[in-house]
Every structure is written in structure tokens, then in C-alpha cells.
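Each structure below appears as C-alpha cells.
In what follows, chain A forms one complex with chain B and a second complex with chain C.
Up next, the complex of A and B:
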């Protein structure tokens, strides 16, 4: 008995390290996806002050449109994501115009009901067009990278890198461009922003369009390692809401930190405790944070 | 010009009104008997939207195919020609909705038979099917709890899933090794399977690692759970949930270097899995036998008709094939019982009807008896081992008793 254990020890040490690295990268990739999806949602909350419950459905629709262009039309992967993102931007603008804009002066519950309605509409639409079966989207990005002994698939590296690039571009857009600055202005003070000549309804359209665009990039990136189905947005919806509440509603850094924190917490608990706990950890962390900081980690200075 | 189009419009609207009246007449059917023969509604409540929609659709295709074929052949009950009609309602996998759907089908449409493809829903329907309203449940689930309930009006179609555990364990152990990792889905059914495999594996003298079950429907990336399961260096892995996510898990395990064998739960079908991943990733697995590998008298024609209906790309599964058989059995039982509206007599006539069913409806392991409790038994149940050459070899399965 003692002999076997002694023989096993040297073999086990690198395995523990490899497993950790493997799971760290898995967590980072998942975090990238969560982040991209969460940022859109938090932007919409900041500008329109509504929880867009149809966000997961936009993510799903983005995945299907990417799939359509990649598989049915046959354009290259990156271009397919790009075209889908632009189309979803238009869908987002349309959603604002047709659903949220007419309800702008009604009580908040109406927005939520309308968003749920939009969600069911998108799901039924996807099922009518693509059917209820799962679909698989293949990418040209194959192969594995060996990092410190762990096998990481190239797709996951692409997810992490793209997420970082997109987040950087987004930060640049919001901080440096006129259109981006109007988003931040409206977030900080809607009335004040209108007084200096910013058109709130233009900004609302831009924001919803942008959030759908970001969700599509997330969906296009994650689709190859998962499956497409009309209900694929449901699970993400729940987690993304947990993330933005954790990070502080409307806060961009909150969504980024929250996204990565939650994803890594999820993979690590699933690895070292159990999968069941991994699934629940998002909500355990959420409850814990809210108990200590009821407004989330990154509370906005101005809350209106 | 104007008058022509107006008269045409009038004619069209007249046709529409007539059509509507005709539709109402059929909908009221059952005892109606307008014109030639009676129309009997076969009720179906299953998930047609939401997460289970693909599964519910597969069942529905089988029902539609059976009803089309039976109507073409002609069903005659007590000397009268009978037309079967399918009426489907969506229950989104919710047992309470399924029960109210079933009630509605029985009361409004006078359906003598209601098909349901999910154990939870069937348990709910069993509360209402032999009391104030009477109807037979055509139950598509392999959970033996539904026959243990001693409901007099239940017909359970698929084999009891517990039958598979012993043979699966032995086959996987032979081709993999003694150490098993558990990576099934976290649904209620998945957990029942996990337990059944766990018991059989220990009994066969194997070792079991930690339980790594994950919810296949909510996990965005399977790499994490797979890495964790592989860190215990298993020789065999139990997987299973819907076919497509199961295929991704197996692909991920092979990518991360797993060389052992897989035990695949019956919910996942190896041939359907091969549509989302390379067959190479699926080799060295024991699972249920694909419909296309059956050699029953009607299988070949069934596969052709299925391809015409659902398209060449879609893989026929036992959800479609077994429900196709199920409706043929029920139609024959109606003929044997000489009634379309007495579910008790129809249920009683099933054992008499089984040998009478036309060969063309025998497609996926046809039963030759129905147990006292209402379980259809196929005498030659077989599973499959997908070997290193990508060939399906048959594995005979000995069926266990449905008793607890």
C-alpha cells in the first residue's frame, strides 16, 4: 500500500497543477463570454433603467444568425460573426423603437412584461425557422495549445483574446467618441444630458443596439464549443443578471470584474468541490455580496 | 372586372365558411359519425416548445406517421370504418400542464388514448385517467415507477431502463477497465440512471470516482467538468442526456486524451450523436441500438418514409419508432375490442392484438406480450457496442422485473 502511494506521488503532482491551469483557462474563456453578455445588459440598465429580460434571447438569435451565415451562406467565421453582430444591432434598435420606446412613460413592470414577451417571440421565431433540434456550429479554428502541460483548445484562446480586444474597444468608444460619451452622460444624468442637447431616444437606440451586438459576439464565440437551440439563452440570462447585480447595476467595471469572478468561481468550485455547488456558486456569491454591499461591488456614484 | 372579383371573393368566403363548419364537425367527432365512418381522436401532450421541443417533435412525427399509415390501410372497428386523427397540445414538459391537456383531450375531444412522453407528466395524468374520465395512457418513458403505480389504464412502451445497467457495466469494463467516472446529466431521469449504473458497476467489482454529474442544459462549456472527471484517471465514463450535448462531452473527453470506454444513457442515441461530432469520438461505447440497425420486417420501409417526412439529414430515433409501433398496437386493440370509446376494453384487448399487428408496423423491437401492469415486452431486447472500427455490434439485454 505504502509502496503504491509512493509510486503515485510524483505522477500526481504535475496532474494537480495541470488541472488547475486547465480550469483557469476554461474559467477565463467562460468569463470572456459572460463579460461580453453582461456589459450589454448593464449598459441597457444604465441608460434605459430597465432589466432587459430578452437579453438571452438576443444572444440566442445572434448565435443562430452567425450559424446561418457561416453554415448556410458559407462566409468565413469572423465575417459571419461580424454580419450577425450588425444585424443584431438593427434588431436591438428595432426592439427599442417598437417595444421599449412606446412604453417609456409607463410603469416599470410593463417593460419587464414586454421584455418577456419579446423573449418568447424570439424563441418561437428561432424554432419556426431553424427547428427545435440542437445545431452544431463548426469553426475553422481547431487544434490545441500546450500551456504548462495543459491542453487548451485554440477556440478558448480566441474567446479570451477577442473578449479582451472587444472590451478595450468598447471602453475606448465610451470614453473617447462623442456617441459613446452621450451614453455615459445619459447614464449619469438623463435630464442634465437632455439639457445640453443630447437626444435620449437616440442614445437608447444606440445602447440597445450595442448590447445586442455584444451579445452576438459572445454567442458567436461560444457557439462552437456548445450547441445552438432556441432556449440556449435561458441559462445565460440568469447568470448574466447575477453578474450585473453582483457588479452593481449599470456599472461597466462591475460587469467585467463580476463576469470573470463568477466564471472562475464557477469552474473552480466545480473542480474542487462539486459540479452541483459550481452551478449554485453564482447565486451563493450573489447573496453574500448583497448582504455586505447591497448595491453591488461597484456602486455608481450617482443613482437616480 | 370589379364584379368578377367580387363574386369570386363571395365564393371564396362561402368556401371558407363551409370549411370552418366542416372543421367544427370533425372536431366534435368521436360519437358524431358524420358521413362515412367515425373519427377517433388520439390525444398527445408533450413538449412542443421550450427546452424539450426537439424530443416532443420526434415523438409527434412517429404518431403522425403511424396515423397516416393506419388511415391509408383502413381501420375497421365493429364493422365501421374509423378514421384516426391526431390532436397535439404543448405542455412544455410541465406535469401540471400535461395533466390538464390530457383532461381536455379526453373531455372535449373524447380521446380514448392520450400519449405522453415524460415520466413526471405520466405520473400526473395517472391521477385523473381512471375516475371521472377514462382514457388509456400510451406512456413513452422507461421509468418503471409508472407501472409500479398499478394504474389499470397505462401502456408503457419502452423497456425498463434498469435492464441496461448490468450489461452496460460489463461491456464497458471489458473494453475500458475497472475505474468509472460519472458524468451524466443532472435531470431527475439522469440521476436515476446514474444510481442504477453505480449499483451495477460496484456489483461487477469496479471502482467509482466522485460524482461529476452536470446539468447538460445550463453548462456553457463542458471542458471544465470533463477535465475534472479525467483528473481521476478513469477507464470508463458514464455519460448521457440529450444526444447532442452528450456528443460534445465525449468529443471533449477524447480531445483531452481519454482512451477508455463510454457508457451512454438511453436518452442519447449514438447515430444521432454522430451528426454533431466525428464517429471517431464515439467509438468504444456501449449504448442503445440505433433504429437503423434493427432488422425487423418493417424497419426498412419505416426509414424510407421517415426520410421523406423529416428530411434525409434527420436521424430517426426510438422516440419516433416506438411511438409508431405503439399507435399501431392501439389501433389493432381497438379492432380486437370492437370499440373505440371504451379504454378498459381496449387495454384488455392489447395482448390479443399484439400478434395481429401487421409486419409493416414492426420496426424497433416489437413486443410479444404486455405484462399485468401494462408494460410491453420485447423478447429480444438488444443494445449495442460501437467498436473500434465504427461498427455497431449487438449486445443482448436481459430484462429486469418492473417490481421495486
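Up next, the complex of A and C:
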């Protein structure tokens, strides 16, 4: 596909190497976003044992609320993301209380259907408030960095750095803090954890809130690069599911490796083959992996 | 007991007759006829979902994709290749069956959540192919002027009423097929798998083969529904294969009642009506419908037909208790009527397979929770 490649190259003096580096950084930035979103989802699966199909909708809502605070209210970028993240934390807790908690003893098909209902609700809500058209969010972070001859926009660097910091903080939270450790305890053994005095309901709420918060950070970071629309969560939803399935449901390292691997595969195929293949690559990889290993790559033996 | 006295069968037949008579009321209103006919096309696909989700308990999220394959098969063959409708219809249904079978080969290696997400990915790949493969599917410009079915000079399918009865006839076949499956050993096998795969495997059920069959059958129903949809609407776009279609079907089956015979039909009609009611709000309708879905799953997970079925069961049980008090003679036949019922949820208990067992295990408060 030489034609596509030529069309995608920057106008001024593109060499194969700079294009590659540029795409690598694009892939890393996208990977950071995927990771943040996927980790939340995989945490929720680990604790509540449900695939939260409304995750993409939470991500979308997070992007819009960030947009609202940044553009309409006019607070600084970082503060807008922070406020949106806290609000989405509350939305996540509410979602657990109102939707998933009453269904905790139902068959797993019912959770998924309820999550779909919640997803449609959030989408319709965003459309009612902000309209169906695409919106652009401007960011105060402008300019470009030159790395090895390739021009990388500062926003992408910010995404990569923030993603790494947030992931490190999250790891610290889960491994070191008492609340984080309760999450891991519940993941390992729900009954055992409640026997030693951990309240599974509290942990479920905390986890869903946390996953919504992480999704919002991802959305707030990527919103200036992409456009906002009420259906922006759909494509991400599917890809994030592909990632956590690849990594094994409930596995944190799996989500991180899967997120970066998939994002880089996606940007590279989009650059060197075609954009349609780039969009589908996540699912092609998913189908290939599941055909060989039906339980994902990094699945740990989980007790059900 | 005479099957004609079974409230479930009477109810199902009443719904069908009522639906069959709608043209009398709406024959002059083309729009209303069209909405009802499109609703019936969806109902056919929902019957497919009923086999794999309702009977077998596997959440298949590729149904919208199979619907799209059926629709595009008919749409493209009748326009770009100028086939007759019937030939195109048969070929696309067979095509959907083959694609469904092949997808099932891989998809059914996975279980539970993995299966649901995997089929969602299959559905999305089908959607991507349809919406991006411009030279063949015309991508976003869609397919225009799909042919009407040829009436052979006898019937003019351009009239909405004739079209209605064509879809209605095929829908009846689907309803009867579901009823037949539900009563046969195949249906019991599928219900056993829904109850417990490991248990089914242990008692000698060919789990993999049965699931494969159920998956392919559900794809075929999806293809039939899609093919009819294409000719009823006349224009199809990539929306016909989108993941939203799957979620719509899911809502239909949920409202009606999973694993029941009348459920998919009733659910499709009621939700189609609700969609029309909220037509003015367009996309905002989900502000109301979203919470309705959630509330339904939480408070009425068995759907309308399941709820009514529970009511019938309670009445039967009460009557049985009274009869048992009076004389102990008629126990066998009442037991038979319960387990042979059309939308009987209780049969998901494997132990329920024996006729006389139904009378005794009927006392379990809610089999839904034991699943």
C-alpha cells in the first residue's frame, strides 16, 4: 500500500525513520489512554466479576464534563480534569449502588444487559445536554517537541507522562494503602475477605468509582486530540474489552501490556497498511488470540 | 389436560391472532403497517437470540451482525446483481448459516463473559466490513431500491398488507419452530446446558455440538429477519448491522421474556410501540428507556411472559394442592401440563425432567435465583 503511506507522510522532508518514531510516540500516547481505561475495567471485573459494558459511556461522560469545566466554566485544564474525575467517581459509585448492587446475585447475562441500559442512558443524556455534533476541545498545552528529528506534539508527551504517573500511583495505592489492599483481597477471595472484616459492598463502590475516575483522566487527556461526541465511547469500549480479554480478565499487568501492544499495533497498521485495517486490528488480534487460547494470554487461575 | 386448555398456549395464540388482524385496523395507514412489519422482522431475529440466549444461556452479541449479513445479502444481490428476491433470500440465508457456523466454531471455544465479548467483536468486525468495504457494499451510501418479492402474478407484494402477511407467515414458522424446539429433546438439552454446562456434560449431553447447533440456528434466524427487513424497508445502510441493533434485540427479548415462546414476539411489538411513542424525542428516548431496561432486569428479569407464566404456575400449584387434598387421583395429568407448558421456566431444573417430579419440586420459591 505505497499510496496510503505516501499520503500520510508529513509534507516536509519525511524519512522512513522519523515517520516511524512519530508513529511510535502516537502509539505510546494512545497506549497510555487505553491503559488507563482498561485498568479500570479489569479492576471492576476482578472485584465485581462483571464486564461493565457501560465503561465507554463513563469515559465519554468524563470527556464532556472536562470539556464543560474547561470551556464553559473556564477553570484550568488540570483542574477541569480533576473536577471531572471526582464527579465521575461519584457517578461510578452511584452506578454500583443503583444498578450492579441489586443484581449481585443474578446470572451474568443480566449485568451486561443492565450495563447496556445504563450506557444508552448516559449517551442520550450527553446528547440531550451537549447535542449530537462533534465538539473540539482546545488545550492550553501547545507546541511540539523534536525527538530524533520527529515532531511530537506536547499534548502526546503529556499523555504519556501522566499515564505513567497515574499508573504508578495506582500501583502504590493498590499495593500499599489499606483501601487498595482490600480491593486485591476481594479480588482473590470474596468470601474470605468478608470473613476477615472487609465490606465487599464498600470495595465494590470504591472500585467502580475508581474505574470511572481513571476513564475520566484518560478521556480528559485524549479529548484535545480527538473530537468529542456522545458515541465516542463506543469504539473505545470495544477496544478496551479486546485489551482486557487479551490480557486476561482481571489481570492488571495484562491490561498494561495489552493496552500498549494494541495501541502500537493499531497506529502502525493504520500508517503502513490502511486506516480501516488499523481500526479492525484490535479485533483481528482478539479473534486470533482467543482462537488459540480461549482464556486470554495472562490469565491467572481465578477462583470463581 | 388438553393442551388447548393450557393458558400459555391460549395466550400465545391470542397474541398471534391479534397481530394477524392488525391490517384490518391499519390497512389504510402505510406508515403504521410498515412499522409493524419492521417490528416483526426484528422479532424473527429475536427468536434466534431466544434460542442461543433464552434456551442455551449464552449471551450472543453478534446477532445484529447476522441480521446485517442477511439484509446486505438480499440488498446487494437484488440490486447490483439483479437476482430475483427469492433466490437472493435463500442464498443469503444459507450464507448467514455458513458464516454463523464458522463463527460458532471459534466463538464457542470461549465461555461466559469471554463468549459475550468475543461475539461482540465478531459483530463489530461484520459492521466494519459492511461500513468500510466501499466497492462491494457502497459503505455509507447504503443500498437503494431493494426489490420487492416476486408474487408470480398472484400477489402484489408492493402493497403493505401483502408484505405484512408474508413476514407474518414466516414469523409464524419461527414461533412454531421455537415451540417445537422447546418441547423436543433438543430443547431440553439446551435448557440443561443453560442450567449447568458441567452437569450436562457429566450426564452425557453433547455440550459443544448442541451449542454449535444453537448458535448456527440463531444466526439463521438473524439472516431471515435481515433479509425480510431489506425488502420491507427498501433501503439499507450500515446501521442494519450495527451493535445498536444487537442491543435493541436484547431489549426486545428482555421485555418479552427470555426462553419463552411468545416472549420475543410480545417484547418486539411492545418495544417497537414504545419507540414510536418516543419518536419525537429521537435519540433522547433512551433517557427514559435506559432506566426502564435497568429496572426491568432488576425487578422483572423474566419479562412479561415469564411474569405471566409464574402467575399461571402459582395458580396451577394452588389447584394441585386443593386436588391433592380432595382426592389423590389426578396428580399425574396436572404434573404433565406444567412441564409440557410452552413458556415453562421451571423446566430449567434438570430434575424437573420427570413428569411427576414437577408436582413436588414446584414448591421451590423462585427457580430464577437458583440458576
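Criterion: the second predicted complex is superposed on the first by the 287 of 304 C-alpha atoms of A that agree within 3 Å, B and C clash if a C-alpha of one lies under 4 Å from a C-alpha of the other, contacts with A are read in each partner's own complex, and residues count from 1 in each chain.
By our rule, contacts are C-beta pairs under 8 Å (C-beta built on N, C-alpha and C of every residue); 3 or more make two chains touch, one makes a residue touch a chain.
As the structure is a computational prediction, the values presented were derived from the model and not from experiment.
S.K.: Is this a clash or a fit when chain B and chain C both end up on chain A?
M.R.: Aligned on chain A, chain B and chain C clash with each other.
S.K.: Which partner chains sit in contact with A:297 here, chain B, chain C, both or neither? Use first/second/both/neither.
M.R.: The answer is neither, since A:297 touches no partner chain.
S.K.: If you stack the two complexes on chain A, which partner ends up touching A:109: first (chain B), second (chain C), both, or neither?
M.R.: The second partner, chain C, only.
S.K.: Is A:78 touching the first partner chain B, the second partner chain C, both, or neither of them?
M.R.: neither
S.K.: Go through the superposed model and pick first if A:226 touches only chain B, second if only chain C, both, or neither.
M.R.: first
S.K.: With both complexes overlaid on chain A, does A:153 touch chain B (first), chain C (second), both or neither?
M.R.: In the superposition, A:153 contacts chain B only.
S.K.: Quick one: is A:33 in contact with chain B, with chain C, with both, or with neither? Answer first, second, both or neither.
M.R.: first
S.K.: Touch check for A:171: first (chain B), second (chain C), both, or neither?
M.R.: neither
S.K.: Now for A:124: first (chain B), second (chain C), both, or neither, which partner does it touch?
M.R.: A:124: touches chain B and chain C.
S.K.: Counting only touches as set out at the top, which of chain B and chain C does A:270 meet: first, second, both, neither?
M.R.: first
S.K.: Under the contact definition given at the top, report the residues of chain A touching chain B in one complex and chain C in the other.
M.R.: 123-124, 127, 132, 230, 234, 276, 279
S.K.: State the interface residues of chain C toward chain A in the complex, per the touch definition above.
M.R.: 53, 57, 59, 106, 109-114, 116-118, 120-122, 124-125, 128, 132, 243, 247, 250-251, 254, 283-287, 289-294, 297-298, 301, 369, 371
S.K.: Could you pull out which chain B residues touch chain A in their complex?
M.R.: Touch list, chain B to chain A: 48-51, 53-54, 56-57, 186, 210-215, 217-225, 227-228, 231, 242-245, 248, 255-257, 275-277, 314.
S.K.: Please give the residue numbers of chain A that touch chain B in the complex, ascending.
M.R.: Checking each residue of chain A against chain B gives 15, 19, 22-23, 26-27, 29-30, 33, 123-124, 127, 131-134, 136, 144, 151, 153, 156, 222, 225-227, 229-231, 234-236, 266-267, 270-271, 274-276, 278-279.
S.K.: Please output the residues of chain A touching chain C within their complex, sorted ascending.
M.R.: Interface residues on the chain A side: 45, 50-51, 98-99, 102-103, 105-110, 112-114, 116-125, 127-128, 132, 230, 234, 238, 241-242, 245, 249, 276, 279-280, 283-284, 286-287, 290-291, 294-296.
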